[in-house]
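Paired with chain B in one complex and with chain C in the other, chain A is shared by the two complexes that follow.
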Partner chain A sequence: MSEILLIAPVLLPLLIAPLVVMLGSQRAGWLLAVLAALVATLASAALLPALGEGPRSYHFGNWPPPFGIEYVLDGLNTPLLLLTNASALLALIAATPATLAGRFAGREPVFYALFLLCLSGLSGILATGDAFNVFVFLEISSLCTYGLVAAGPRPGSALAAFQYLILGTLGGSFVLLGVGFWLQATGTLNMADLAQRLPQSEYGEVALAGSVLLLLGFALKSASFPLQQWLPAVYAAAPWPVTAFLAACATKVAIYAMVRLALDVAALGEAARWLFGLIALVGIVWGALAACVQRDLRRMLAWSSVSQLGYILFAFSLGTAAGVTAAMIQFFSHGAIKGGLFLALGPARSFDDLAGLREREPWRCAMLTLLTMGLLGVPLTAGFAAKWALLSAAAQAGHGIGLGVVIFSSLLAVVYCLRLLEPVWLRAPQRDAPQLPRHAMLLPPALATLAMFALGLTPWAASFGRPAAQALGWAP
Partner chain B sequence: MRTGSPVVVRVVTKQLVPPILLFALYVQFHGDYGPGGGFQAGVIFAAGIVLYAMVFGIETAKAVLPPSVLLRLAPLGVLLFSAVGLYGLATGYHFLDYAALDPEDPAHGQHLGLLLIEFGVGVTVAATMLLLFYTFTSRRPPR
Partner chain C sequence: MSALLSTVPPLLWPVLAPALLALLIILARPAPNVREGLALAVGLANAALWLSWWLGAPPPPLLLHEFQPGLSLSLSLEPLGLLFGTVAAVLWPITTVYAAGYMRANSEERQNAFFAAFAASIAGAQLIALAGDLLTLFVGYEWLTLATWPLVTHKRNADALRGGRIYLGFLLATSLGLLLPAIVITVMVAGSADFVAGGLLRGSGLSATALTLLFAAYLFGIGKAALMPVHRWLPAAMVAPTPVSALLHAVAVVKAGVFVVLKITIYVFGPELLSRTNAAQLLLWVASASLVLASVQAWRADHLKQRLAYSTISQLAYVSLAACLLVPGALLGGALQILAHAFGKITLFFCAGAIYTAAHKQQVSQLDGLGWAMPFTFGAFAVASLSIIGLPPGAGAWVKWYLALGSIDAGQWAVLGVLAASTMLNIAYLLPIPLRGFFAVPRPASVTRAEAPWALLAPLLLTAALSVVWFFALGPVIDRLLLIEGVGR
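== the complex of A and B ==
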């Protein structure tokens, strides 16, 4: 039974997706998708208690690794599996057929199938212990993302999806090339096997070139500076539940892949961590500055994501157990806050759409305000816990520049967060916002808000720090 | 029927389509022993239908294989693939362990499993290729 749990989070959405298309009913499709995400979330939560017992592996088709494909769940990827599935669950609850309202002319089942396949792809990248499998799952999730983005309500949605397709395919090609180079240098695709053989390979340059290509591919997919340009366009163009899902976990999965492949499998060590630190710190400031000057509400939040994702990469670049703990807290904190913000904003696209929200929808206004405070890092929220852990980890590692950059970007966050709250609280209502079913509007962002406070008040996310650091070999 | 196709093209196409489809089935089911497999077979099968559609018109081809049927066939192939995997899981083996299909003779089980999942791949690839073709020719989502 416990063995099935290891593959359930990936397999379940993958198996339900064709069923949703077969049934062809939008309501049944939505229910099935929510159920699949719910069970996958519960399955990944059930994996957490045994986190301290070290990595667990599942051999597909009973072929032993390194010949067969194995899934390896350890302290680093298991918590992220829960984050991914939980954010998909909240986004799917919000994505009722009524929310999608006529965008698909009777083809909503295909939307739900794409959503589930995207979820399965992201979970697959996390769970697999096979380098080529990472590429396959990356392509599954990316192809589905293009379709989901193109389903957006803006006239430019299809164009944004196409531009993302071009860039994403470039990224995917780099990843494929990198895996090919690694295979050429070592003759194996299994990650544990690669970790042993890469340092001893007689084709050291080939292996290094492979690592660089893989880093490049995943830097693009994770919107790390300076390859972040696609992110704001995609977040602005996609249907809002999709934006919430992507903002909560998609780029984080790519950061995981970067960290796993560069620091764990290829063990590039000092050089890669220096590079991570550099692109993270520049990205933190660049993203925050860009967020301050955006005219579009969603683009502003997307640029803030670029800044916040930089925190995660910076935390990993410290190379200490405290840094990994800070990264794990930031993974969950940013997932809950940014995902929750996009869910609470709903179909609102411009600052004007938020005008007078205080009178029109007090509950939505309250959640938006609380989540924005979380983004700011106000005490009691997850944002504060994450920033505190990051600052103390940077101080412990003696990284003065990083300390300064994180504090400076927090000040910039005040600017863009106030820009979000100003229309909500101070402006008079201008026009009617589109009406939505109340449960879809309120339940998912409410759950995200609760999660944000739970993460801020309990050391739950910090407890993943130690197993994650052990998985990377940075803690005994 | 498109009147533009000359009689030679139509007669030759009528002769060609059945061997193409037959060859697709050969590539499908001989794939275990020789070059081939579900993906190639699916593409060849779809190519046969595409040739038919190009000569006799899209509407005639849609009468043979309507998009609504293809939209069901594409997930059906995936479900067949997954069913083989789940059968192993249900009988106490690992996911996609084909030995579960014939515990007495695991080698035969491997053959059978490969045959079944490749057939699933073939069905899905052929259906998806044709759906893509219909979509591009109609410039509207097929229904």
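== the complex of A and C ==
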């Protein structure tokens, strides 16, 4: 049983996806997709209790590694597996056929299949212990993302998807080249095996070039500074449940891959951490500044994501157990908050769309307000727990610049969060405000809001800090 | 029902009751009379609860939630918090009556939201008063900031939006940018967030420079204390309806600020540590400068509420000054200022609101001769002015007395000069207002009385009377405050 659990989060959506298409019905397709995401979420939750017992691995076809493909679930990727699947679940609940509003002319099942394949790809990147497999899953998730983004309602959605495709393919090619270089240098693709052989490889330069290419590829996918330009366009163009899903977990998976490959497998150590710290800190400020001046609501939140993702990378760059704890909290905190915000915003795109929400939709207004508080880092929310952990970790590591940057960016967050709250609370309703989805659609953002408070009030996310640090070898 | 009520620990009520009231007003949308009656009832019960704590033994501390070892939400009652909490609790029902009268007389919109946010703000202020550790304090502090934002922006016009931006921007930026990092560093250095008699950081071994920086981060991070240059939010907040300016921006919010300053000085640093390392010397001069400069600004302002706002900034600096003098007498004076200034300044704001409601005048220069039409209002204004200036029979006289003693005690003769200069300025910007009202023009032969409605008049007469009563009845308050280590000798 437990063997199946290890691969269920990856395989289940992968296998259900074609079924959804074959079924053909919109409603049944949606239900099946939700069900698949639910089971995958439960399966990844069931993996958590045994987190302290060290990494568990599954050998495909019973081929022992390094010959066969191996899945390794340890303290770093198991919690993220849950985050990814839970985000997909909430986004899928929101993405009813009614939400998609007939933009597919009867081909909605394809949308759900793409969604499930994308989820499977992201879970695969997290779970696999095989470098080439990472590339395969990256391509699966990316290709599906292009399709999902192109399904957006804006005239420019297809163009945005195409631009993303070009950049994404570039990133994917870097990853493929990197994996190829590593194979060339070591003769293996298994991560654990690579970790042993890379330092001893007689083709050190080739191995290093491979690492750099891999980093480049995933820096692009994770929208790390200065490769973040695609992110706002994609978030603005995609259908809103897709934006919520991507914002909650997609870039985080790429950050995981960066950390896993550079700090764990290639063990680049000091140099990579220095680089991570640099791009993270610049990205934190750049993203927050850009968020302050955006005219488009979703682009503002997207730039805020660039800033908030920088927190995660910066936390990892500290190279301490406290830093990893802060990163784990921020993974979940930002996932719940940003995902929840996009779910609560629904199809609203401009600040004008939010005018008078307090009168029109008090519940949505309440959730948006609370989630924005979380983004601000107001106490009792997950955002505060994350900021507290990050500030403590930076102070503990004696990283004064990092401390200053995080504080400065949270001041900028005040500016952009206020821009969101003002129309919601103080502006008079507009006459041609967009029709927001029915009240049933309030369930996903409500769950995200609850999750945000649960994360803020309990040490649940912080409890992953130690296993995750162990997985990276930074804690005994 | 009573069994259910008694399961709630007594310390939780002052936070829970206003919060529930706010929720009830939002969700049930009661009729105006029911709403204000309910608010008054909750306010009176709350005030009675606080007053009962002066008589009996303080209730036991309460641990609400533990995030991780060393970090928790907890409530506890100590003399300083008792003073601040009681002041806010006693003035809340009085302001409720005033607000009911004011909002109706000026036919303000969205009164439901107004009263809900008002109650929520009180809950935040009382959480600050009862906070048992730094984290809880910070929770209450941010809560209060956010809950008062809808009140500041109540009018929703361009001015209100701008005021709201400055208000939230200043208060959130200082708290997230300075106060939170200061708290994080304190907790890291001391290993705990609890308030400790004699000072949490006493044995921390921080250098004098580090202590100076940390103390400065706290003092400027507590934006609600409005120490220059982080004072701009307070004049901006005056776009709010007058009851808000009265209770929140003359009492609950700003007093929360100076209360936190005193609390941090006494329970986190400890006066002994600060005076040994001389960490507060620089900030003493910042507070002195703030005190005099704000008085000058008040003197130059013609808009009545602006003048009162700058006066508040100046008066708050007295408390920061007291915190930097670090001698027992000065700290006592600072603590008494929370009480004395609250009753004095709320009266002044009540008067400003009454004048606006009855005569629609907002500028000082328009008040000539108005005193004969509104003798009670202008009389109350004169009495409260005396208290703010620090002249008997106003309660403020004791504040000046103890501060002067404290500055002599600390050997800071220059500060004595600052106090004298500020008193002169206080006289110059406050007393002309009642004087203009009565004597700027000869008394007209026939005077028509045009006082504000009783709901506005009664509260301001009561608070004016109370600021005189406190002049004679401060004994028990001082006795209780002397129990604090560092304030008592």
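What we mean here is this: the second predicted complex is superposed on the first by the 468 of 476 C-alpha atoms of A that agree within 3 Å, B and C clash if a C-alpha of one lies under 4 Å from a C-alpha of the other, contacts with A are read in each partner's own complex, and residues count from 1 in each chain.
Simple rule for what comes next: a contact is a pair of C-beta atoms (placed from the backbone, for glycine too) under 8 Å apart; a residue touches a chain by one contact, two chains touch by 3 or more.
Note that the structure is a prediction, hence the values are computed from the model and not measured.
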* Asked: After the chain A overlay, clash or fit between chain B and chain C?
  -> fit
* So, does A:P459 touch the first partner chain B, the second partner chain C, both, or neither? -> second
* Larger contact residue set on chain A - chain B or chain C -> C
* Asked: Looking at the overlay, does A:L391 come into contact with chain B only (first), chain C only (second), both, or neither?
  -> second
* To do: Could you tell me if A:L11 is touching chain B, chain C, both of them or neither one (first, second, both, neither)?
  => first
* First (chain B), second (chain C), both or neither touched by A:L426 -> second
* To do: Using the touch definition from the top, say if A:L380 reaches chain B (first), chain C (second), both or neither.
  => second
* May I ask you to decide whether A:R107 touches chain B, chain C, both, or neither, giving the answer as first, second, both or neither? => first
* Asked: Counting only touches as set out at the top, which of chain B and chain C does A:S173 meet: first, second, both, neither?
  -> neither
* Once the two structures are overlaid on A, work out the angle chain B-chain A-chain C from the Cα centres, in steps of 10 degrees. => 160
* Looking at the overlay, does A:S410 come into contact with chain B only (first), chain C only (second), both, or neither? -> second
* Structure fact -> Taking every C-alpha pair between chain B and chain C in the superposed model, the minimum, in Å, is 42
* Structure fact -> Dual-contact residues of chain A, meaning touching chain B and chain C, are none
* Please name which positions on chain B make contact with chain A in the complex. => 71-72, 74-76, 78-79, 82, 85-86, 88-89, 93-99, 141, 143
* To do: Mind listing the chain A positions that touch chain C in their complex?
  => 373, 376-380, 385, 387-388, 391-392, 395-396, 403, 407-408, 410-411, 413-415, 418, 422, 425-426, 428, 457-459, 462
* Structure fact -> Within their complex, chain A touches chain B through residues 3-4, 7, 11, 14-15, 17-19, 21-22, 24, 58-62, 105-107, 113
* State the interface residues of chain C toward chain A in the complex, per the touch definition above. => 65, 67-68, 135, 138-139, 142-143, 146, 150, 153, 156, 160-161, 164-165, 168-169, 172-173, 176-177, 180-181, 184-185, 187-188
